[in-house]
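One chain, subunit A, links the two complexes that follow: it is found with subunit B in the first and with subunit C in the second.
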Partner chain A sequence: MSELSAAALSYLIAFADDEHMIGARHTSWIGMGPFLEEDLAFCSIAQDELGHAIALYELVVDSFGSSSELVTPIDHFALLRPAADYRSCSLAEAACDDWQDALVRHWLYDRAEELRWAALADSSNPALAAIALRSEREEVFHRAHAESFMSRIASSGNASSIALITDSIQRLLPLGDGLWDPPDAEADAIAEGFVTESSASMASKWKQDIAQDIQKWNLPVGLEIQIYLNEAAPSASSFGDRLQRSEGFDQFLTSLQAVISLDPEAEW
Partner chain B sequence: MKTYEVFLKKAGKDEFRHAGALDAPDDEMARLLARESYVRRGEGAQMWLVARSAIIEGEEEFLSPNFDKPHRHNDGSNIAARRKRKRSETEGFEA
Partner chain C sequence: MRAWTDLDDFQTFIDEGGIVEPNDDMPDEFRQEVFRFVEFHANSELMGGLTERDWIPKAPGLRLKQIFLAKTQDEIGHAHLLYMVAADMGVKSRNQMIEELFSGKSRFHNVFHYQAVTWADQVAIAFLVDAAAFASQRAVFAECTYGPYKRVLKRIVAEEGFHLRHGEDMLMTLAEGSKLQHSMFQDALERWWWPAVQLFGPDSDPNDPLLKWKIKSERNETLRTAYIQKFVPLLQGYGFEIPDDELRYDDEAKKWVTSEIDWEPLKATMSNGGPDSRRRIADAATNWADTAWVRDALDAATINREAA
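Right after this comes the complex of A and B.
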């Protein structure tokens, strides 16, 4: 049970909320995957992301210490905060109701996760560094999974499938900027060694990774996407992305609360 | 889609055992998906995947002539029955 600085807490909450939202969104595909094996694989990835969220939330609530009177503070913290207190980014919150959107978001998000865990692997907080190492071992599979589908669709020769994922990329990629909206006081978190790389620096690496994938798969993205990927700095529109909830968030949060709100004090 | 048979081996001296089957579009996807379908909880330390089309089968019709050969089954029941009979004969009462 270690006390964390305000900067460290804000950094953890932003990442944990991203993992929580993406995990919860991914799980909405349970039973609807294109075939049974893929259904299982994608839901397993979703559960991995929820596992990451739990590990990060644990650090947060541990830091709050025993002052909390809640029976299960981690569930309460994860599910019962007011919507305005969440710090997830738009890309993690987006519904992605079409399978191609869910796939493209999975690829974009997990490309970013690789960089984000790497920036925590040498954290001055040993518990966080251990979580980062374990999570990255799982992420290797997540990326292989996303890559497998993206590369196969891209090389399928099926024009309508290629058009679907290209269209998804063009709609979702600009949302990805919000991933790199820095949590409050990120500079302090870097100064204390809690995290070793800034969001701005990771953003430019992420764009390079995404651009390389698109080139490798020979996907016909539009000029504006190519220009966007060539700009090192995140666009101004991403600023404050984590401070505002995206459209449909309230409804989504209510659905996540459906069980816990039956009896918030129940011990499960 | 191709069908693959999945075999898992636990760490140690256990042999590979059949775990089930799965469908996948190609070998690499089969590897990825089998991992999530069959080894999510560390059920095996090693995995073999075999395309079902590569399996050489001995089907039931081919094997069935060997079903009906009781003389090849030595489960001891004949001897046990004979002993029992002899015992009841010498001891003078019926079992």
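Right after this comes the complex of A and C.
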């Protein structure tokens, strides 16, 4: 159990909330994939993302415990905060009710995760560094999964299928900016070695990775997307993304709380 | 490839402990019966997974959500294996089986025609329903004269054993939890007790070919009675009331005896007319249609790659 700085806590909560929301959103696809093998794969990915959220929330809750003697069960922290206290980004919160959106979001998000875990692999917090190394080993498979689907659909020659994923990219890529909205006091977290790279720096690398993928797959994205990807810095619209909840979040959170809120004191 | 001169010759092979393999020239009657049984099992695993999906997003904890995801993943994995066993029998392709299931032409277990109304129903499925299915599957695995099915059942039975232990943990949590939790499970028990008992089916036909060919090792009524003997005292021990006014313990026979079982609900589910059949099948069919473009694109990509 170790007490973390406010900057470190803020950084952890943002990442944990992202992992929680992406895992929860992926969960809604169980049994609804395009074929059975894909159901099995996507279900594994959802479990991994939830596992990452648990590991990060544990660090947060342990820190609360050491400072205030208040033992907060992880599930209370993960599920029972008011909507305004979550720090997840819009891309993680998005519903993605169509499979093409779920796939494109999975690719965009997991491309970012590679950079985010790398920035924690040498963290001054050894427990976090260990989580980062373990998580990145899992993420290799997630990226291979996303890459496999995106490249195969892109190479299908099937114009309507390519149009579906291209349209998803056009809509979801701008939301990806919110991934790089820096958590409160990120500079302090960097200064104490908790994280080794800034969100702005990662945003730039992420855009390059995404641009290279799109080029490799020869996907016909619009000019505005190409211009966006060529801009090194996150656009101004990303700032504050983590402070505001996206449309439909309240309803989603209510649904996540449907059982635990029946009796929050009970063990489920 | 082995071949048999007639059904009597084949029966002698079965009676002497023989196991049939896919490349054998098995009697067509055996092929059709085993295929029908494995297809029904595969459909049930898949629809079972869909029955549980309603409450997984609402699981009251992140680890619980992971566990239920893993469990449903197992069920869909079982369906995947079973569809391959069935498809290898050369009667229908996997896609044909899935499309017939989603068009409402095929059957699946009665319990998966009901809706999980609360989280406690999820627990009732994980415990009562899985225990009934586990007992049936274990009894098939015990002999099972079709080799590929027996090998897949070995894995399924092992995984279902884990599910059952988890289901019992979940039941204990609600049983020993708050008043609300106890009462939630009592309500769920009232919805799921009879479907779970009915899962075993009416008494076996004396001429059931699956018994004769040792695909099944136990008669339906034997398995059903054993289930009732185990679960009545267990549930009562946790303070729950079995929803059967005529339930009694026969001191002479030393066994629990239920009221006469109404088989009409089971019959309704077998024609896809259960309480939640329509929604369950329609959701799966809509999703299958909505994601057809992915399957088509991947097929096209494979053709392009092979042509290159």
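Going forward, the second predicted complex is superposed on the first by the 260 of 268 C-alpha atoms of A that agree within 3 Å, B and C clash if a C-alpha of one lies under 4 Å from a C-alpha of the other, contacts with A are read in each partner's own complex, and residues count from 1 in each chain.
Everything below uses one rule, namely that a residue touches a chain if its C-beta (ideal position, glycine included) is under 8 Å from a C-beta of that chain, and two chains touch if they have at least 3 such contacts.
As the structure is a computational prediction, the values presented were derived from the model and not from experiment.
When both complexes are superposed on subunit A, subunit B and subunit C end up clashing with one another. Touch criterion met: A:Leu36 reaches subunit B and subunit C at once. By the document's definition of touching, both partners, subunit B and subunit C, reach A:Arg152. Using the contact criterion defined above for the overlaid structures, shared-chain residue A:Asp209 touches neither subunit B nor subunit C, since it reaches no partner. Of the two partner chains, subunit B and subunit C are each touched by A:Ser44. Here subunit B and subunit C are compared by how many residues of subunit A each touches, and C touches more.
When the two structures are aligned on the shared chain, A:Asp184 is found in touch with neither subunit B nor subunit C.
Of the two partner chains, subunit B is the only one that A:Ala144 touches; subunit C does not reach it.
With both structures placed on the common chain, the touch criterion links A:Glu192 to neither subunit B nor subunit C.
Stretch 58-66 is the one among 4-12, 58-66 or 76-84 where subunit B clashes with subunit C after the superposition on chain A. Under the contact criterion defined above, the residues of subunit A that touch both subunit B in one complex and subunit C in the other are 35-38, 40, 44, 152. The residues of subunit C lying in touch with subunit A in their complex are 46, 49-50, 53, 55-66, 69-70, 72-73, 76-77, 79-80, 83, 119, 173, 177-178, 180-181, 184, 284, 287, 290-298, 300-302, 304-305.
The touching residues of subunit A, counted against subunit C in their complex, run 20, 23-24, 27-28, 30-40, 43-44, 46-47, 50-51, 53-54, 57, 74-75, 78-79, 98-99, 149, 152-153, 155-158, 160-161, 164, 255-256, 258-260, 262-263, 265-268.
Residue ranges of subunit A in contact with subunit B, taken from their complex: 35-38, 40-41, 44-45, 141, 144-145, 148, 152.
On the subunit B side of its complex with subunit A, the touching residues are 1, 22-26, 28-29, 32-37, 40.
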